[in-house]
Amino acid sequence: MTVTAGASGSPGAAKARRRRREAGLGFLLIAPALVIFSVFVFFPFAKNFELALYRNPPFPGLPSKFVGLQQIGDVLGSSDFRHSLWVTVLFALLTVPAGILLGLLLAQLANQRLRGMAIYRTIFASTVATSVAVASVIFGTLMNPQVGLLPWLGIHPTPAILDNPTWALPAVALATIWQTLGLSFILMSAGLQAVPEDVLEAAQVDGASAPMRFWRVTIPLLSPTIFFTAVVGSIFAFQTFGQIDLLTRGGPQNKTNVLTYFIVTELHDHQNPGTAAVLSIALFLITLALTLLQLRFLERRVHYAR
Amino acid sequence: MPRRLWQISASLAISAALITTVLPGLAGAATPRAAGAPACPVNALQKVSSPVQITMWHQFPRANEQAIQKLTDQFNSSQNKVHVTLVNQTTYQDLFNKYVAGLSTGDLPDVAQIEDEGLQQMIDTRSVLPVQSCIKADHYTELSDFLDRAVRYYTVKGVLWAMPFNVSAPVLYYNKKAFTKAGLDPNQPPQTLDQIKADSQKLKASGAVTQAGFGLKDDPWYFQQWLAKTNNTFVNNGNGRNGRATQVTLNNATGQASFAWMADMVKGGLAVTNDYLNPSSALNNLLGVGNGNLGMTIDSSADLGTILQVLQSGQYPNVDLGVGTLPSPPGSGGFRVGGAALYISAKSSPQKQAAAWQYLKFLNSAASQAQFAVDTGYIPNRKSAVTVPALQTRWAQVPGFRVAYDELLNGAGNAASAGPVFGDYLGVRQAIVDAEGPMFTGTTSPKAALAAAISKANSVLAAYNSRVGG
Amino acid sequence: MTDTALLLERPVPAAQEPAPARHRTWRLLGRYALLSVLAFIVLFPIYITIVNSLLPAPQIAAQPPKFFPSQPIWSTYQKAWVGGHFGRYLLNSAVVTTIIVVGQLLTAILAGYAFAFLRFPLKRFLFVAFLATLMIPFEVTVVQNLTTVVDLGIYNTYAGLAVPFLATGFGAFLMRQAFLGVPRDLEDAAALDGFGRWRFLWRVAVPLSRPAIAALGVFAFLTAWNQYLWPLLVTKDEHLRTVQIGLRQLRNTSLDQVNVTFAGVIIAVIPLAILLLVFQKQLIRGLTAGAVKG
């Protein structure tokens, strides 16, 4: 497609040579990234396929024992794994749609021609500057049953929010939504500002009300942005680790034990690289499947304007 | 698009499989090293001309970090054969993770500070030079002056593996003003679990506290203490000291009573509870006592120093802090130590090992222990440290500092009060805390919770043991 | 894609239904009120953290809570600076982050260009392999990577801190999408002018994709700046450590120092906040590049 048809030279040989050179350049250009991925992503990940087949000692120097598929079956068949997967899905459902909706709401509101709007935009985007660690410290304090705010407002469930089997996961989700709100706002603003003015004006001339214009014109034109955010957001939601580590450590009663946290505790708390390997492969395949599903079902509804 | 992705993911999987088979295997297990304690080269420093550089990993936060740095500076300037550099690895867990990683990468310290329950796993790393070897080689005779409980804790099958250093024990913290307001004697803190309950009822009924009488940090450490006090071990095989622990030993009167009491307190609204594992709520109960929400709580004696600093700022006019002996079911047993110990690496050179031993001896001298106790609030692990004037002055000013020390002197010294040795310790802790959760919300009975804790903890022990080939 | 960028500067006009002037004023006030309430909610967690960083530690748990520090204690920032070793750690974070950002931009631009403009065998397979790297959390590979870094002899160096992050699937994906937005006829024109592919990339494609590059740069910065586990594992001594480790050391906190932890949080955020203010516009433009083209 990029090779211009009109180029001169003896047709067959020259074309083949150009093709080869193009391919060579292609490989050359992707080589730096490919080398990094091979060494630091593919290679260590591939090791999981081997680790999964062995019962591994907690510390190096002790013998490993080949157990074939047994460990894989044990881990994937365990209620711990099913529970963790469910928690992960729940967490993604709590964070991804809410994040998109809130980002869209703020973006729509900030997309007005008003004096001082730049300040509001900066504020709405501000949480991008925080990190998971920062958001965790902040919300850990805000939701603390002894520190100021909540008891003052008369909110003190027993057990306290982050120790509460019912509320811990929504609480971590809330911190996550806040932390990613800036990003969601930026993404949605970018999408909104790309909606052509003339289309909206035409709709207005046709007598469409403001809500109708929003649902019938803006949302369809925004669907690629929403789609992109949903796909990437889900992938990241499935890899949630930091806020769990800092706010709940997977508790209470494993109610916030998402897959990535589960993997890390197997690896670091229990020094069990075998089960961690099985879980890592499972997480990868599940994320891949989820992405494919989204591509298949969500993308159908996406309206590509151009 | 999706079909394309399927094809590609299939080929991805194939290539991953290819990479696995082509690349060199990881399984190649090294031959296990011969068991039996290696010798400690205590004389390796004799011919040293310039100071031997050694590194210690620790996890002390701020004020305590300054205290250990002060001691280390004193050591470095007191002689010219050894120079110690401290590296702060932020938390016990991060430190241990980095240590385990170091077993593969070779980046290990010469001395590592590992929390109490890491003992079994440290032994299993086969990377430790037991200090017993150095004691023998150096004809070190001061061990008899150490707190017996501290030495027993780190001794397995007659071998002392690590030098106890920062020793602590749980104590009761309570607000004397709230006690007075509730009509209780502020100088008679509860001594048993039943008395905690009775006092909590009065605290709450009188309005002396706004939330609950008692803040229960759900830490299995306290539960272990109650077992020890009633002469029960926590795990079998002599608390893991005669042979590898294979089962927890919780199904006894103390185990049942403790679970029932905890559930009763929380469900009855007499206690609030929080998971000790949760870093965001670690200080909740102490804060609660401070702001009048709670009347008392149990926490580590190591916290007393900073608590006093806060109180001295005058921001808590309604708090007059009392420190009481850890309440427990009545029994003739004793409490076990908490805190951490210092391990010498077997992978270090003879000179560095000898240097590490000199450093550990210094840190555990009576003078050093007294100074560290004054600076931090940790329990001095030398009996003669108690006669050092600075510590005597400190204890006279704040008698609360002495409470934890006395706890460790009292009661029978046996396998139960020596404390348990087992792996993996985080897994067992987690199993117990997870099992307790539902009984606090009333989803299960304390009996069922105890049964769940036992079965989960046993499977954790079995899984770990099978992986170390025990 | 270029028209997207142009449109950004022109917000969609507010609907202009005919209404009496008085109504319009009320509506305007209503809009500002709503915006302000939302801005307050978004900012409140950060505000209360700043307040807490300036309060005496015991007052953080006071009832009723303090919403304004009557006698701010600025010394908490000095304590956090010392306790979190921020002088040294901020410098390290800046060095490592810069290496990572530059590296990621380079690898992403090169790979993105190859995937957008060139034909070569296994292209689709390789592209999805790049995407697949997004689905493997770094935590999963961290132990093996540590061994690799030791074997490569870059343990306890800036290189060891940075090298594993010099390429990301996200970056290659984003740059490919951005380059796909460069009009084809520009490439043809460049070819006629005798531009080689290399010159076309740097003289035409890259300048046209500046917003995406800026966005990627900011993202690379944020993720690199916020790393904790890897810097802790891959450094031997304290002089190579980074900001988040300092923050963790402050978090491993004792009762009297809660306010210092909050001061540390604010210190760690400030560089990011400055970055955001400078790059906000580019960020918004760049992200559309990934989104709009499917």
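In this document, chain identifiers A, B and C correspond to the written order of the chains, with residue numbering beginning at 1 in each.
To be clear about the criterion, a residue touches a chain if its C-beta (ideal position, glycine included) is under 8 Å from a C-beta of that chain, and two chains touch if they have at least 3 such contacts.
Not measured: the values here are computed from a predicted model.
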Reference chain A; chain at largest CA-centroid distance: B
Inter-chain pair with the most contacting C-beta pairs: A-C
Distance between the centres, which are taken as Cα means, of chain B and chain A, whole angstrom: 37
For chain B paired with chain C, centre-to-centre distance based on mean C-alpha positions, whole Å: 38
Whole-Å gap separating chain A and chain C, where each centre is the average of the chain's CA atoms: 15
Residues of chain B engaged with two or more neighbouring chains: 5, 9, 97, 104, 279, 287, 291
Per-residue overlap in chain A, given as positions that touch at least 2 other chains: 42-43, 45, 47, 141, 146-147, 151, 288, 299
For chain C, residues contacting two or more additional chains: 61-63, 129, 132, 143, 248, 251
Chain B to chain C touching residues, read off their complex: 4-5, 8-9, 11-12, 15, 55, 59, 61-63, 85, 87-91, 94, 97-98, 101, 104-107, 279, 283, 286-287, 290-292, 303, 306-307, 309-310, 313, 315-316
Contact footprint of chain B on chain C as seen in their complex: 56-59, 61-63, 83, 124-125, 128-129, 132, 143, 146-147, 150, 155-156, 232-233, 236-238, 245, 248-249, 251-258
For the chain B and chain A complex, residues of the former touching the latter: 1-2, 5-6, 9, 16-17, 19-20, 23, 25-27, 29-30, 32-33, 93, 97, 100, 103-104, 121, 124-127, 211, 266, 269, 272-275, 277-281, 284-285, 287-288, 291, 293, 423-424, 426-427, 430, 433-434, 437-438, 440-441, 463-464, 466-469
Residues of chain A that touch chain C when the two form their complex: 1-4, 19, 22-27, 29-30, 32-34, 36-37, 39-45, 47-48, 106, 109-114, 117, 120-135, 137-139, 141-142, 146-149, 151-152, 178, 181, 186-187, 189-197, 200, 204, 210, 213, 224-225, 227-229, 232, 235, 238-239, 241-242, 260, 263-264, 267, 273, 276, 280, 283-284, 287-288, 291, 299, 302, 304-306
For the chain C and chain A complex, residues of the former touching the latter: 4, 7-8, 10-15, 28, 31-32, 34-35, 38-39, 42-43, 45-46, 48-49, 52, 60-66, 106-108, 110-111, 113-115, 117-121, 123, 126, 129-130, 132-137, 139-141, 143-145, 148, 163-164, 166-167, 169-170, 172, 184, 187-188, 191, 197, 222, 225-226, 228, 244, 247-248, 251, 261-262, 265, 268-269, 272-273, 275-277, 280, 283-285, 287-288, 290-294
